[in-house]
Amino acid sequence: MKLSARNQIKGKIVEVKKGATTSHVRVEIGPGIVVTSSITNEAVDELGLKAGMAASVVIKASDVMIAVD
Amino acid sequence: MKLSARNQIKGKIVEVKKGATTSHVRVEIGPGIVVTSSITNEAVDELGLKAGMAASVVIKASDVMIAVD
Amino acid sequence: MKLSARNQIKGKIVEVKKGATTSHVRVEIGPGIVVTSSITNEAVDELGLKAGMAASVVIKASDVMIAVD
Amino acid sequence: MKLSARNQIKGKIVEVKKGATTSHVRVEIGPGIVVTSSITNEAVDELGLKAGMAASVVIKASDVMIAVD
Amino acid sequence: MKLSARNQIKGKIVEVKKGATTSHVRVEIGPGIVVTSSITNEAVDELGLKAGMAASVVIKASDVMIAVD
Amino acid sequence: MKLSARNQIKGKIVEVKKGATTSHVRVEIGPGIVVTSSITNEAVDELGLKAGMAASVVIKASDVMIAVD
């Protein structure tokens, strides 16, 4: 599958924290660069996400903002 | 200003491409890791965004998906 | 690739309309059900999107609202 | 009310699953095509959403990605 | 139509600026409070949006961030 | 920090409601105008968000829809 999303960055899952319906998954995409994702528990179960697994973060360009100091 | 967005990653702007109303800004956040952002031309002008500038990408956790092979 | 997005619906592209930086792609996912997507021109080029092609629409659950009459 | 969102698709609610603050609502929009929505519990209560009800899914074009095989 | 989106705020359109495929619509929702919306040209045409018209801005709660000084 | 998001509106937090992983924060941005935000519990803790605090809501233009009667 090829996806239109401009941002698809490989990494490793460092934490999966499940809530009542929503989970937070943290993926290290570079040394000291950790991205937090909020997805459904259902997705976590279906993909079998666990700390230590290889995984990518996927982000649509229109969801990325820019900040400057 | 402190922001609730879980993902605020420092980097350097490598390209700014303006369209009719929407610009694409590409930020290198690590060696070989470039994030594409789609924002308004107005924001580009107001922040004076240019290639070579230090800038962060900011992404809300609920806008991040996870992919596995 | 398996993706966390809850909504991945197969269909056929019925129109690709390019703008200065942003394209609109319309995908028929069922008889008379057409979904409009706004993505970067770059994604359209990279995936070679054209009317008539098989394609899926992908939507994160947190981006779906509900309306009732 | 008329809404700018390009995607407003009629269907029938097949499941409402409440969490601590966030609910998942599943709407069948065609034979075998079910869309999952993640909304606040407050919205579920205010609209009185229940399985069996007629409801539409509403999705902004900029939140739709395209995937090809 | 009743919508699940938590934020539906009445106001008046103060500007419509069309691009190649994407328009920016600015709505004043209170004295000196103007909200900018980026939507498709198609939506602008279909709803007949023009400066001076009454209109609401509609925002899903999961798209709102919080900032503190 | 200056942010590309077009909508940054000052107000006062009127309610913080924590769930299992996701909180709802309500901010009054004008007389009778309250905006609901859905963010992670982690963000609420890190920013120390509480009712009565000054805070801004931040919304990307591409996440704002327009409705007319």
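First chain written, first letter: the chains are A, B, C, D, E and F, and each begins at residue 1.
The working rule: a contact is a pair of C-beta atoms (placed from the backbone, for glycine too) under 8 Å apart; a residue touches a chain by one contact, two chains touch by 3 or more.
In this text, all values refer to a predicted model and were calculated from it rather than measured experimentally.
A.B. asks: Under the document's definition of touching, what chains do subunit A and subunit E have as common neighbours?
C.D. replies: A chain counts here if it touches both subunit A and subunit E, which gives B, C, D, F.
A.B. asks: Please decide if copies subunit B and subunit F contact each other with the same set of residue positions, more than half shared, or with different positions, and reply same or different.
C.D. replies: Mostly same residues: over half of the interface numbers shared.
A.B. asks: Counting contact pairs by residue number and requiring over half to coincide, which of B-F, A-D or A-C is equivalent to A-F?
C.D. replies: Interface equivalent to A-F: A-D.
A.B. asks: Using only Cα atoms to place each chain's centre, name the chain farthest from subunit D.
C.D. replies: Of all chains, B has its centre farthest from that of subunit D.
A.B. asks: Any idea how many Å lie between the Cα centroids of subunit C and subunit F?
C.D. replies: One centre to the other, that is 29 Å.
A.B. asks: So the centre of each chain is just the mean of its C-alpha atoms; given that, what is the distance between subunit C and subunit D in Å?
C.D. replies: Measuring from centre to centre gives 17 Å for this pair.
A.B. asks: What parts of subunit B, by residue number, touch at least two of the other chains?
C.D. replies: Counting only residues that touch two or more other chains, subunit B contributes 1-6, 19-22, 24, 36-40, 42-43, 47, 49, 58, 60-63, 65-69.
A.B. asks: Name the touching chain pairs, would you?
C.D. replies: Touching chain pairs, listed by label, come out as A-B, A-C, A-D, A-F, B-C, B-E, B-F, C-D, C-E, D-E, D-F, E-F.
A.B. asks: Okay, in this complex, where on subunit E does subunit B touch?
C.D. replies: Its residues touching subunit B are 17-24, 36, 38, 62-63, 65-69.
A.B. asks: Which residues of subunit B touch subunit F in their complex?
C.D. replies: 1-6, 37-40, 42-44, 46-47, 49, 58, 60-62
A.B. asks: Report the residues of subunit A in contact with subunit B in the complex, numbered from low to high.
C.D. replies: Of all residues in subunit A, those touching subunit B are 3, 5-9, 13, 24-25, 27, 29-31, 33, 35-39, 43, 47-49, 53-69.
A.B. asks: Within the complex, which stretch of subunit A touches subunit D?
C.D. replies: 1-5, 19-22, 40, 42, 60, 62
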